[in-house]
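These notes open a run of structures that come right after.
The following pair of complexes shares a single chain, subunit A, combined with subunit B in the former and subunit C in the latter.
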Partner chain A sequence: MAYVATRGGERAIEQSERLYREDLGRIDKTRVDAIAKSMPYLLDRVMGEASLYAPELAALALAQSGGDLYEAVLLLRAYRTTQPRLAIAEPVRQKDLFTVRRISAAFKDIPGGQILGPTLDYSHRLLNIDVLNGADFVPEPVEQAAEPAPATQPSLADWQKAQGLIADFQSEPVPLEEIPDVTREPLLFPASRAHKLQSLARADTGGTLALGYSTMRGYGNVHPTVNELRLAEAPVRIRHPRGTIFSAGRVRISQAEIISKAKGLQLGFSATFGWNEVKVIAAASLDLASTQEKPHPASNEEFVLYHTEPVEASGFCIHFKLPHYVTFQSSLDAIRKVKTDKPANKAAVPQADAARQAELEKAMS
Partner chain B sequence: MKLDQLTKPWAAFSYGFLDESAKREMRRRILKAIAIPGYQVPYASREVPIARGWGTGGLQVTLTLLKPASVVKVIDQGADDSVNASSIRKFLRRVSSAKETLDTLKADIIQSRHRIPEEKLREDQILVLQVPNPEPLRPVQPDMSEARVMHGDADYGQLWLTLYEQLVRSGRIMQGSSYPSMVNGRHVMTPSPIPRWDVPKMHMAANLTILSAGREKRIHAVPPYTRVEPLVFDDVPYRVEDHADKTCYRSGAMGFFMNELPQDDGSSSFEISDSQYGVKHIQRREGEAVTLGETYYREGRLER
Partner chain C sequence: MNDISPPDAAASRFGHAQTLDILAASEPGAAKAFAETLIDELGAIEVLASRTGIVMLPYVDTVQNTAFHLGEVLVSEAHIRLTGRNIEGYGAVVGRDLEHSMAMAIVDACITAGIGIKAIEAFLASEHHRQRKIDETRLRKVESTRVRMETF
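After this line comes the complex of A and B, so read on.
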């Protein structure tokens, strides 16, 4: 045949995918398990952005994408979207969280106490080069406290509300099936509280940090303080068709309350799957900033929620690799025509306007 | 009655990938979009296994419309063998038993990025256009909620003004592709980034066109036999790309939208952008029995 075989493109894309996968090599259960075991915080980040709590699937997604986070999130999201929703869990209350870490920067001590829990905050960031030379790093054993910390902790905001320091918004009970779900409905503005917190929960960690940091630095009028930061395991409680409530397991969650001292005390809130402190602090700051009067454009609700959506943002960014030669040709035609039409346009301009035309052309060039 | 009689065997994915609740939502949104031509209907827009911005909106529509007996054609920039068109076709093959075709005349559903085929579409065909940005007002109002209000008020003054400014500054309207167009005399829509050459094909077209933006979660439609009028001033005619007298160096066809191919000697040669239409010309020249459909343009001029 004299014309191009139309399957050329198909073969090319198939081979390029093979090339990528060949570099990653065989993926077996051992590799997936090793990822899950050695990188819990990476799994947490991916599960949060995917809004799918499934450590094993998250590890598989990371194995399949070779650690490309946006690819891993898309893999999980595309899987999640096809899954039926079998049940809606009972609401999780702060006082029911199995809290492993809970700190407040607003008070020296708080009811229930400051619990540091696991953190690298005060570690010295030194590479253990010796590991590369064969000397394994064996973590030192944790010494038990004299008294174990209580498994659950009260909410600091409850104390502040009781003191009349922050407004106590009465929440109306919503039947579980009527809780809005941003993965099943379009996000419209002004966004409902549920859609906003859900969008922040699945937002891109890096994007949330960039915008959150901008409000913290001064592009916004909030002066954030961490009111309460928690890492916890939340019990997932589901109602059996017969009516009894049972536990279907636990999920790791993080949540942050950021308090502003600008005009009275106001709270910003964020929670997400997995332990990801940077994200919830940044997201809670954005929540707080976006509810202020005339927020800075970078903390405007629509701006924040659209631009921190990891799958949409990364997808659109890489889509510019696709051919655009039709649109380019269309613009090229218009640009060329301006040149060829120029003499004709000049003739059409009355003498009195000639100076103005020259000025316009100068501005254009 | 036993449980296994009431259920289906477990399968990793539904027919056509999307689950039934997603398809039902899509159908409802599509019906609404058809009922209000050119109006952008928000939809949930599920993630699909290709990246956002790569045709996820068009893909969700195609997946919803697909039946086992459907015949589908997928093009990107007019070409069936473009890498992303190949990828989408491959995915459709994976999740449905629909047939594929390269021939515009044989397709029930045509999913396209940036082009409308040169051969006239019929009443029994559906054109699905991939849309990167569904909002024609974006250049004058980036805030989507504000833009929604402007559509509600049919407040298109700022859009007219930008066109007028282009006219004053450059002596012509500089909008290349995505030419804003009034649908059914009410809503201004983007026809998606198709060249100006293709916009008149939508006017009073026999086929249904569904335009879907997956990333932006908006769907709009042009039902059959609906007015689609590019925004133009009474005294400044609408101008399509100057391709009327260009000849395809491969097929010899003349008077269709072309790809410009820069040559080593500084000149350009041209090939027909609707790749399969070009292929059909070559096939006919070589004596094969092919049917060339009626085209919107004849000798570079629009048929009316």
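After this line comes the complex of A and C, so read on.
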């Protein structure tokens, strides 16, 4: 298929962009700061899907796109390509996580206990209409405990492995520069586990939820329960030129393990930038589903990973609104030709039908 | 964490790794203001790097112990050398605050050069205290959400 080059419309195109930006109005630092302060979970979602942790830039992307998430993710991904890669940090392990929320739905008494952390899980979801009438909502302060929680929490999976409840996978340490990277090499199938988990980490939240939900509802062999869910801050540990490893700061991460007892106890895993529980629970379900028999597309890693890539998926979808004149024109030509040939076709059809009938009778005799 | 401080590293109370941890997590305005007080004593400085860039963050899956890339983190870094002396300073912080990473590099170079050590120790102690208080307050709030589920 080929496309015709088009020209003209430059003024309309320029004015259309102006109209879009005029509707959004002036963007200043105050607006960006307000977005960053008031919508941390939205920033988290954008950063996770963009695969770039940069809260200030995520807020700017949201301001520029007027809150269109796919545009915001695209802006961040595009910005990322302008930046040099300075280093590969030390791998983050669960024991490094400054943990603020850690729960298990499958096991009540877990090492370290259950900590709800910041959540609306057990809250009524009601709009506070009074705010619109001028009565500010001022949150009640948390009543602090006498003692602080431990900064890190033990691993539930490690305890389960030690108990022989789940398989203990041994893996060889991989040099940092040899960790597979889907931003620098193609995603091939069957995907390596590193590619799969990286792809899920940067996957579209909505797409991941849709496919994960389908496996939860029965389009798959996994009946998931949350083994462990964590919200935490992970240190970004890099190497000083003299060799000292230090933390350049922390980033918010979420992590989920999903457990299924379909074939003994099996775990699925997912983690992503930012605090995004829906995404990691759905993605961990998809990780686990991909290890099962594959009666449904959501259990097929190729189907899942290709169709939850937010920039490629949204880009492919919206490219259909751009001019496809060759395709459309050739279709028009074909329709016109059929119409032109219609009288001749009408005369030919009875003859063709008669010939087919004769062939049929001959075969049956 | 590793701590490969050179013999002349003078910030004795804090090792090199902890010093860098504290500087990176310090309040940016305070770090910049403090570095300003040291910069004149350093003499001429050659800036080897002052830029933003990205750091790939690997993560280890808890199920199969597979290391994978979680994504990239925007950081700013600064690398300086004291002109005519074999002394360098380095700073890197999450985010795009080049002045913060430069302030960190200046303090790092001062420590290696043995300049302003008492003041640096005092700054690090103050920042360390502030950072610990923030974390402790956060963790007290987190602890108050600890739940003991009962089944019946």
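The definition used in the following text is that the second predicted complex is superposed on the first by the 320 of 365 C-alpha atoms of A that agree within 3 Å, B and C clash if a C-alpha of one lies under 4 Å from a C-alpha of the other, contacts with A are read in each partner's own complex, and residues count from 1 in each chain.
Keep in mind that, in the parts below, a residue touches a chain if its C-beta (ideal position, glycine included) is under 8 Å from a C-beta of that chain, and two chains touch if they have at least 3 such contacts.
Computed from a predicted model, the values in this text were never measured in an experiment.
A.B. asks: So, does A:338 touch the first partner subunit B, the second partner subunit C, both, or neither?
C.D. replies: first
A.B. asks: Between subunit B and subunit C, pick out the one touching the greater number of residues of subunit A.
C.D. replies: Comparing touch counts on subunit A for subunit B and subunit C gives C.
A.B. asks: Looking at the overlay, does A:27 come into contact with subunit B only (first), subunit C only (second), both, or neither?
C.D. replies: Touch partners of A:27: none, neither subunit B nor subunit C.
A.B. asks: Classify the contacts of A:210 with the two partner chains as first (subunit B alone), second (subunit C alone), both, or neither.
C.D. replies: neither
A.B. asks: Check whether A:237 is in contact with subunit B, with subunit C, with both or with neither, and answer first, second, both or neither.
C.D. replies: Once the two structures are laid over each other on A, A:237 reaches subunit C alone.
A.B. asks: Looking at the overlay, does A:93 come into contact with subunit B only (first), subunit C only (second), both, or neither?
C.D. replies: Second partner only, subunit C.
A.B. asks: Is A:265 touching the first partner subunit B, the second partner subunit C, both, or neither of them?
C.D. replies: In the superposition, A:265 contacts neither subunit B nor subunit C.
A.B. asks: Which of the two partners, first being subunit B and second being subunit C, lies in contact with A:84: first, second, both, or neither?
C.D. replies: A:84: touches subunit B and subunit C.
A.B. asks: Which partner does A:312 reach: the first (subunit B), the second (subunit C), both, or neither?
C.D. replies: It touches subunit B, and subunit C stays clear.
A.B. asks: Which parts of subunit A are in contact with subunit B and also with subunit C?
C.D. replies: Common interface on subunit A, subunit B vs subunit C: 80, 83-84, 183.
A.B. asks: If you look only at subunit B, which of its residues touch subunit A in the complex?
C.D. replies: Going by the criterion above, the answer is residues 13-14, 17-19, 21-22, 25, 42-49, 51-54, 56, 76-87, 89-90, 102, 113-115, 132, 143-145, 168-178, 193-197, 215, 217, 239, 241-243, 250, 257-260, 273, 275-276, 278-279, 282-283, 286.
A.B. asks: Could you list, by residue number, the parts of subunit A that touch subunit B in their complex?
C.D. replies: 2-10, 12-13, 74-75, 77-78, 80-84, 183-190, 302, 306, 311-312, 314-319, 322-327, 329-338, 341-342, 345, 360, 363-364
A.B. asks: Report the residues of subunit A in contact with subunit C in the complex, numbered from low to high.
C.D. replies: By the definition above, subunit A touches subunit C via 47-48, 50-57, 80, 83-94, 98-101, 108, 113-119, 142-151, 155, 157-158, 169-171, 173-174, 176, 179-183, 193-195, 197-198, 201-202, 228, 234, 236-238, 240-251, 253, 255, 257, 267-269, 271-273.
A.B. asks: In the complex of these two chains, what residues of subunit C are touching subunit A?
C.D. replies: Per the touch definition, subunit C meets subunit A at residues 1-6, 16-17, 20-21, 24-25, 51-75, 77, 79, 88, 90, 92-96, 108, 135-149, 151.
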